[in-house]
Each structure stands twice: as C-alpha cells, then as structure tokens.
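Next come two complexes, and both contain chain A; in the first it sits with chain B, in the second with chain C.
The block that comes next holds the complex of A and B.
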C-alpha cells in the first residue's frame, strides 16, 4: 500500500524500522489518514453534503409549506422542465453568459496590457503601480461596491460630473440603473476594477519568467514587439493564462454581491444574473426547489470550465512532487 | 536613442495614468469620509476636504450595532482562523510528507471544492441549519467559513511544508532527535511564516464574506460588519459620509493584513502554474 510513493517518507524513517515493532509500522501507515481526517470531515460535512443536498433539492417542490414541515415533495425533473419553457430563465442564462464573456474578456485584456506596461515603465513608476495594484487588491469587495455606488450616485456622483465636464454628454442627474445595459456597464466596471490587480500581478510574474535569451533571439531575427509577445511570451504563459481564464470565469459567472449591494438588495428582473435569480427564487419567493435547480444549472456550467483548470493544476502538482 | 527615451516617457505617463484611475476610487472613499456634509453633497465635487473632520467616523462608530457587530465579526473570524490553521496544517503535513493511497484523490477534492460557488450552496446550508435550529447563530456561520477557507489553506501550507527539505529532519534524527522532536524543532519553525500567512488569509476571507452572513444572520445583534454597512441606506436615501467612513473602517484591518501577506497569497493561488 503506497510503498512506492512512501519512498521519501520511509527514507526519512528507514533507520528506525528495524527498531520499531510492527505496531509503529501500522501507525505510520494510518498516520497520513489520521492527519487529513479532521479537515476532510469539515470539507465533506459542510461543502460536499450540502452540494449533494442541493442536487436533491433541485428535484423537489420546496415552498413555504415544505419549509415548515422540513420535508420537500419529489417532482423529478419538473423544475428543469419549467426552466426549459420559461422565457425569464432563458434571459437569465443568456445575460449571465454574455456578462461573463464581457467581464472575463475586458479584465484579461486590460490586465495583460497593464502587465506589459509594467515591464516597460521606469523603476519608480513600476513600484508605484504595483503598490497601487496591491492596495486595490486589498480593498474588500463590500466596501468597494459601496464606494462605487457613491461614485455613480445620480445626484452627487463624481462620475456624472466628470463625464459631463469632459463633454461626453449631459450626465447631470443621470440614473445609471434605469437602463440595464448601462447598469451592467457599472457592474462591469466594479468587477473589472476589482479583478485587475490579481490578474495583472500574476501575468507580470509570468512575464518576468520568460527567458531573456528567447526574447532577444526573436528581436535579433527581426520580430516586432507584438510578434515577440504573440509568438514567444504567450506560448510560454499558456498555463498561467489558462488558470487565470478559468478562475475569472468562475468568479464572474457567480457574481452576486455586486448586483445585490449596488441595487440596495432590491434588483429588478433585468438584473437577474443566474446567482441573483437563484437567490431571489429561494429567499424572496420561497421556491427553494426552483432556486436550487437554478444553482445546479450554474454549477453544471461551471464544472465544464473548472475541469480544465483542475486537470492542469493537478498535473503540475504531480510533476512538482 | 531619442526614440527610446520618448517611448519610456510615453509608457511612464501611461503608467501614472493607470495608477490615478485605479487609486482614485479609494482616495474618493477616504476623502469623502473625512469631509463635512456640505462638501459631500455638493454638485461640483470638492477634490480636497477644506478641513478634515472625523465626524463621519464618530457617527459610524456611534451608529447602532457597530461595536456589537465588530465583536461578532471578530468572534467569527478568530474562531475560523484558530480552528482552520490547526486542521489545515495537519492535512498539509500529510499531503506533503506522506505518500498514501487516495492522496491524489484528496488533492483533486481540495482543488475542486474551491471552485464550487458559495452562492449555490447557501440554499441547502440555510435549510440544513434551519432544521437543526442553528439559523441566526454564529457557530453555523463559523462552520461554514471553515469549509470555505480550508481547501486554500491546505493547498498553500502544503507548499510551505514541501519546501522544508527532508534532509534537515533526517540530520536532526541522526543527531538523536525523535521524529516528533525533529518535526517540532526543525519543520515547525520553518513553516511558521506560512502559518501566519494562511492564518491572515483566513482572517481576510472570513472578514469579507457577505452572502452566507447575509442569509444566516438575520437579527441586527448577530450581524457582521459587511452586513452592517447596509444600515446607512434607508428609505430616505443614503448617508454617504457615514457609509464611506464605515466602509473605510471595515476595509482597514483587511488592507493592513493583506499588505503583510500578499506575496504568499499570490503564490499559493496559482502554485506551480508558472513553473510548469
């Protein structure tokens, strides 16, 4: 059992083996399991079990009556059947997917740009820029949403004043949330602003690992800067890009706080991203079964994206160990 | 040569512009918090407070439930940190130091579980806790936060433990230390920075969490700070000065701790991604 993999550990203790009775060998075999047991218990109990229950709930009618009785009514796949014909749910999924694509795209694009910029600026500016990014990264999301809400306030918001001042149009007393496209633009600004520091610093860290000689060789061969980037840096950074794409997709597809807090906990139907819809169905309309089914759809879509990420990470870990 | 200088200046200017755009919101939050009400509610923005006032901070600290919710936040966060460090460290040692059947499966679980969106789990968690009467109680929230931070902490600590050469332990044992002794004297001190870093990571995660606390803690006396911030918005509008002061106060501890550990957090999240 695990003898080959145990090589390193037993190398460390090898000289004790002849001294130790069989009891200690057994103990050594069980020790790793004993060590992971408590963490395992918490993760399984608090994450895996609810995840299973979520699947189960999605097959139930679970309204207020069932909530009081603590007992749902099994209705098979009827909740999903409801979604299939429900135009609202179709809107929710479409908007969520578009929102995710736009947000991931804009965040990755800007972050790549800033990472490349970080390479090219002089040292003091680089220090200043990295420090600024870290400060933004450190700002917790709820206070950040509150401050953006203030900046986009329709009456005294600094953004409206600025846009009017630089001549984009008359934004005095402009309500950003009347038109969902504008509202989602504000949400995108908040999400992207929050995502840029992490993505940029990761990409910059990756860029610094691109071997200098490769870049120089390409330059000597007459490659333009963008060619160097596309043909040398990007292929080397592929694993980093993959991880960042997956993480961003997971985060942006699950956006909830930005919508909920920004719209003072009362978003109208136009703003229902899938997590907001699932929450609304469950805790506002008390249709926990339907809400769970929406959450299951969300997890199912994410599993596909996540799969690539998990495989990549596990493969790299196995190589490292 | 001149072209190179020109492009340097161009990039530097662009870099400064990015700094200004990224940092302005934070500046605006803090400066609003320090302004008197008249300068906050002004149709033409007042870029610098004419005189710094702490009235907004005083108001926020005297607001109903502030100190109460500070205590709640601290109770939740410190419990989460203490328990999760212990559990994560044990698991990390196991994964980093032993080969055992099911190890890869455990690693896959640890990575995969981080990908489950919390918003999806809040429904079953609410119903489960409702069943056992733990809705609106801090222990339910603490248990849930533990599960949120554990996978990442195990993952990061694994790296720290794996980085301590086994040779060091062996050397100590050759010199007569027992296995446990070698571990406590050699590995533990070397991993201590990692424990601090992951502990602070747990602190930040638990301090910032919103949706679980929002659903599970319904009464004002049980709420945490992130939920308390909503109390500045009423039907009559939002008290922006108070809200910005509250937001600044809520953000401060996190910013402080974050700056201490950001290097480790960044490394852990994509461990090995670049090396591959």
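The block that comes next holds the complex of A and C.
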C-alpha cells in the first residue's frame, strides 16, 4: 500500500496547496490567453473573417444584383466545376506557375550575386549600392510601373529609341506586348527589379553572420571561393534562403500591379495571371462568386507549394532549439 | 448721396432681393444635407458644373453638393463598390452602355412616373432614351451624346492635293497618296488606328450590313462572324495595314497626343477630342486652324457609315436618401439652360433634338454624323462583353495577323453569345 498511499498523500497535499490561492492559479492559467486575445482578435478580424467570406463567396452565384441586395445563391462547387472544364483557366494557372518559377529563380539568383558583391566591395561603394537598393524599394509601386511603361512605350519610349540608336536593330514602333513572351519578359524585368532590394539586403545581412573563422578554415583547407560559398555560406544561410524563397513565391504568384498598370488596365487574355483573372471576373464582369473561387484556387496552390518551405523552416528551428 | 449712404442703399436693396428670392422658393430652402454627384472625367466643362451648382444653391441654400470626378478606366469597379454600400452617390453619370447592367441589378431608381417633369423629356434623343429604358421602365435621364467622325489635317490634304474622301475605297486612295507624300517619315500614319479601337471599327461592320449581336425573342446571338461583318472587317484590316503605324495592340487613349505630334493626317475621334488636340498643355494650339472633320464614308459612294452613338446618362441611385433633390439637380444639368452650354462650350451633342442646331463649326460635323447612328446590344450583360475585352481582343488578333478574320470573328461571336445569354 506504500506507493499508492504516498501518491494519494502527495495528491492531497497538492490539492491543499491549490485550494488556497485558487484565484491566482486561475489567473496564472488564463493570463496567457488574455494576453494573446487582442492579437488573436485582430488576426481573426483581418485574416480569418475575410478568408471565411472568400470561401463562402466561392460557393455562391454572386453577381451585381446579389451584391447590391447582399444575398447570394448557394451553388456548391459549381464555380470550381466551371474552371475544370475551362481551357482558359488551365492556361491561366499554367502561365502563373511558369511565371512564378522564372521570377523567383531570376530574382533569387541576382540578389545572391549582388549580396556577395556587397560583401566584397569597399565601404563607400557598399553604402552607395545599399542606398540605391533602398531607393528602389522606397519607390511606390504604381508610379514606378508607370515610369517603366513610359520607357517601353510603343511611340514615345526611351527603350525603343535607345535600342535603335545603339544599332541593336530597328525598334521604331516596336511593340513589346504584341508577343506575350516579350511582354512577360518586360514584366519579369519590372518584378525582379522591384524584388531585388529586399532580397539582397536580407541575404547580405545573412552573409555578414557567416563566422569569419569558418570561411578562413575552409580557405586554408584549399577550398575555392565558390566551394566556400556552396559548402559554408549556403548551409548557414539555409533558413534565410527558405524564408526568402517562400516569400518570393507568395509575392510572384500574386503579381497583379505590374500587369494591370503596364497594360492600361485592359490586359488581353494572354496576360491573365491568376490574380488578374480573379480581378477581371470579380470587378470587371461582376461575377464575384467566380472571382472568389479563382482566389481560393490561388490560395490552395500557394498553401501546397509553401507547405514544403514552411515545414523545412519549422524543422530547422527545431534543430536549432 | 455720399458713398457710405450709397453702399447702405445697395446693401439694403440686395438684402430685399435676397429675401424676395428666398420667398419664392421657401418651400425647399429648409432642406439640408449633402448631395453627392459622380460625373465622369471630361464630360461637363467646369463652368457648366459651377453654373448648375450655383442655380441649385440658390434654391437650396442649406444643401451641399459634392461633385466628384471619376475616371472611365475604373468606373465599373467603383460603381459596384458604391452600390453595394449603404450610401452610394445620389446622382451618377453612366456611360450609355452601362445603364442596362445597373438598372437590371436594381441599383438605379425607377423614374418612369417622373419623366414628364424633366425639361425637354418629349424631345430627348431617341437612342439615349432607349439606353435609359430597361424592360419598359425609365432608369435615367439622357445627358449628352457623342459620335465619331474623322478629324483630319487640312494642310496635309492640301499639300498632297487630295480632297475629303466620299467612299471607303476613296479613303484608301487618299490615304495611300498621303503615305506616298510622307514616305520619308517612318512615323507617319495617314489614318492612325490603334488596334483596340472597336468604337471606330464598328462602323465598318455596320456599313456592310453586319452587326455585333442580334436578338430573337430573349436570346442573343453574336453575329460578327456573319459574312457582312467579316467583309467590313476585311476592308478595315486593309486600311489599317496600309495606312496606320499606330500600336496594333494599343488603345485610343493617347491618340490625341499622338495626333498633336504632327505625324498623323487622320484619326477617327469624338468631337471633344478637337479640344484635347489643341490643348496648350497636352496638345498643340497651333493646329486649331489646320483641323477639319468629315463623317466616316460608307462603301456606297456619297453616303456615310453608321456610327456608334456614345454618350452618357444621369442616373439616381435606388438607395439615395435625397431622391427629390437629386432629381432637381439632374433636371438642371439636363435642362435647356445648361444643355445649351454643353453644346456651345463643351462641343457635345445635347440630349434634346431641339438644341442640336446650336452646334456650329466642327461640332456640327459630328452632330450630322450622329444622324446615322447605331447602338450596342441593349442587354444588361453588354457591359460584361466590354469588360471582357472581347471586341478589342478580336481586333488585335486580326490586325497582328495572329488569327484569320473567320477564326477571330467566330471566337468573338461565340463569346458574345455566351456572355449575353448568361
């Protein structure tokens, strides 16, 4: 009876201790929830509620009449069924995925290159370069795209003038958006241009955290610069790379402004990325249900793709702990 | 009388006058609140808006009128959002192709019973009245109309020794003469035609007896693929490929600025665009004396092609808290006094046939062109055809050679059929 009796005795004492200042115990248990409540409320308000509304809208026939009366008609998964049979939607998804892969790849490559460069140049040059990057980042998106649009303008654009002037070919009245491949190249240039500053500065910050002695040790062991980068820097920067890859994927999959502004708010069907398609269906054709369903598909694809990144990041942090 | 006394007398007289004026409209002067009005960019000259507000203020001194100017490019988004809210603008200008969409959705007040109380309602332009009518009920007041004609450089025509063309074949010949005359200028366009400019393409379709869509019963059928429509587009495609160096995928938004640069002999344009071309800031005022206009010629010599009658209407929103005030404001802008100013100052076609004769000079050419006018399919879904860029995409793929005319027109027709019947 000894062991059981001991346990009972200790449980009893435990209850005695708790029973006394139960108020403070209760407060101690509830306090974390109380502290997190305001943040949770905000998150619920700005994320969960709109997301819930989006899901709900995607199951409705919700046109202009329904919008004005605030009363939709439930049609289940019919909106998604429309996508399944629509060849245009398949094109939209394919183009969006290719566009994202290319943009994430190019911007990560260039940013890594520039970050490595930043590490090696002299201090004044580094300050100048960083200042330039911050300026690009500080330029509001719409005016910046407007400037790019003027540069690539069919009639008055400086790009056509310059290319003709330096003898690349006859670019007078060259239309950059007639051929979607060329058009998407221009859009990629603008997206990458806008993405580089943040990615570069983050990577540069990460690179400065690579312990000097590790690099020196590797160099003494005869590693070439690219080997140092691949075997020493990259593994240490892995968490940073993972975060930047997932953020870039989310941003580039959702690219909208660049297409919309560049093509005078009337992009033709070749230029429908999934965000543009969703906007067009919602706000131009007033089919809010269909537009929401497109946004749901977009979120679903992003969740699947970024899940891998997020899992990796979580694992890395667990290893670190 | 010394100056002080004089001042006093004048002040007293003014006070009496004000009191007298107040007396005649005392029934309404107690109204308070704010009337929100949405007008479109470039529709009414500022002096007309100010005039309407001043007259309105005289009757309703305690009502504030907020006139907000909207841009055409994103107006449907803004209207959708506003109508979904509980306080949309009380009065809004709507492009005549948009009315059916908003009327059918229940966003606009049915003003059928008030029709007689609007000035000139008996002589409103038929096609604008039609655009305001949905299922036999009136949902807006005609505001103004606009039609397109060809604006040309009289000096270039004179230098090339050509006359105003009288048929579509003639237009091509005149254009080719101009192209030859300016062959040293790689930027020159005899007829500048941006690829997405379907308002200017429609006359070619209509002139050969084609149409955008036809209705039988309650079903619509896209008809751009009918032989007559294709014939019109073939003629247009030939003109564009031989006479235009405009962006084949561009729209007409910048055509006036381009015209003012001096490398263009003709554009298809609205009457008010003359003002943009000769504007000191955006255009070239020295062109004022070198501009002429003529209606788009038909393929039948001596006749003119039917043109799209564009224009705007003034709607009152169904949720308006100040419907009576809104109606009064609309009646002022749509009435004789300010419609006359719209013609003489704004250069547009007024909402009533009784004032059309006020236009003179170039605006008169546009008013004359409007006599042979057509309208887009009057369906609530037409705005969706416009929003989906169906016609623009079709024109672009024809002009760029991406698809043949039969293929492009049948794709567009199918889409139009689907959207109009959905």
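Basically, the second predicted complex is superposed on the first by the 255 of 321 C-alpha atoms of A that agree within 3 Å, B and C clash if a C-alpha of one lies under 4 Å from a C-alpha of the other, contacts with A are read in each partner's own complex, and residues count from 1 in each chain.
Criterion: a contact is a pair of C-beta atoms (placed from the backbone, for glycine too) under 8 Å apart; a residue touches a chain by one contact, two chains touch by 3 or more.
Predicted model, so just to flag it, every value in this text is computed and none were measured.
Asks: Considering only the touch criterion stated at the top, classify A:264 as touching first (chain B), second (chain C), both, or neither.
Replies: After superposing on A, A:264 lies in contact with both chain B and chain C.
Asks: In the overlaid three-chain picture, which partner chain does A:35 touch, first (chain B) or second (chain C), both, or neither?
Replies: It touches chain B, and chain C stays clear.
Asks: Using the touch definition from the top, say if A:175 reaches chain B (first), chain C (second), both or neither.
Replies: second
Asks: Tell me the contact category for A:272 with respect to chain B and chain C: first, second, both or neither.
Replies: Touch partners of A:272: none, neither chain B nor chain C.
Asks: Please indicate which partner A:184 is in contact with in the superposed arrangement: first for chain B, second for chain C, both, or neither.
Replies: In the superposed model, A:184 contacts neither chain B nor chain C.
Asks: With both structures placed on chain A, which of the two partners, chain B or chain C, ends up touching more residues of chain A?
Replies: Counted on chain A, the partner with more touching residues turns out to be B.
Asks: Kindly classify A:229 by the partners it touches after superposition: chain B alone (first), chain C alone (second), both, or neither?
Replies: After superposition on chain A, A:229 lies in contact with neither partner.
Asks: Quick check on the superposed pair: does A:67 touch chain B, chain C, both, or neither? Answer first, second, both or neither.
Replies: both
Asks: Let me test your reading of the model: by the given contact rule, A:154 touches which partner, first (chain B), second (chain C), both or neither?
Replies: second
Asks: A:284 contacts which: chain B (first), chain C (second), both, neither?
Replies: second
Asks: Output the chain A positions appearing in both contact lists, the one against chain B and the one against chain C.
Replies: Correct list for chain A: 67, 70, 155, 172, 264-265, 283.
Asks: Taking the touch rule as given, give the residues of chain A at its contact with chain C in the complex, in rising order.
Replies: So the residues of chain A in touch with chain C come to 63-65, 67-70, 154-155, 172-173, 175, 177-178, 264-266, 268-269, 280, 283-286.
Asks: Going by the contact rule set out above, which residues of chain C touch chain A in the complex?
Replies: Its residues touching chain A are 73-74, 76-77, 80, 83-84, 101-102, 104-107, 186-187, 196, 245, 247-251, 253-254, 258, 384, 387-389, 392-393, 396, 400.
Asks: Residues of chain B touching chain A in their complex?
Replies: Where chain B meets chain A, its residues are 7-8, 11-12, 14-16, 18-19, 22-23, 25-26, 28-29, 32, 40-45, 86-88, 90-91, 93-95, 97-104, 106-113, 115-128, 130-131, 143-144, 146-147, 150-151, 154, 162, 166, 169-170, 173, 179, 204, 207-208, 210-211, 215, 226, 229-230, 233, 238, 240, 243-244, 246-248, 250-251, 254-255, 258-259, 262, 266, 269-276.
Asks: Within the complex, which stretch of chain A touches chain B?
Replies: 1-2, 4-9, 11-13, 15-16, 29, 31-33, 35-36, 38-40, 42-43, 45-51, 53-54, 57, 62, 67, 70, 114, 117-118, 120-122, 125-126, 128-129, 132-144, 146-151, 153, 155-156, 158, 161, 172, 193, 196-198, 201-202, 205-206, 209, 239-240, 243-244, 247, 250, 253-254, 256-257, 260-261, 264-265, 275, 278-279, 282-283, 288, 291-292, 295-296, 298-299, 302, 306, 309-310, 312-321
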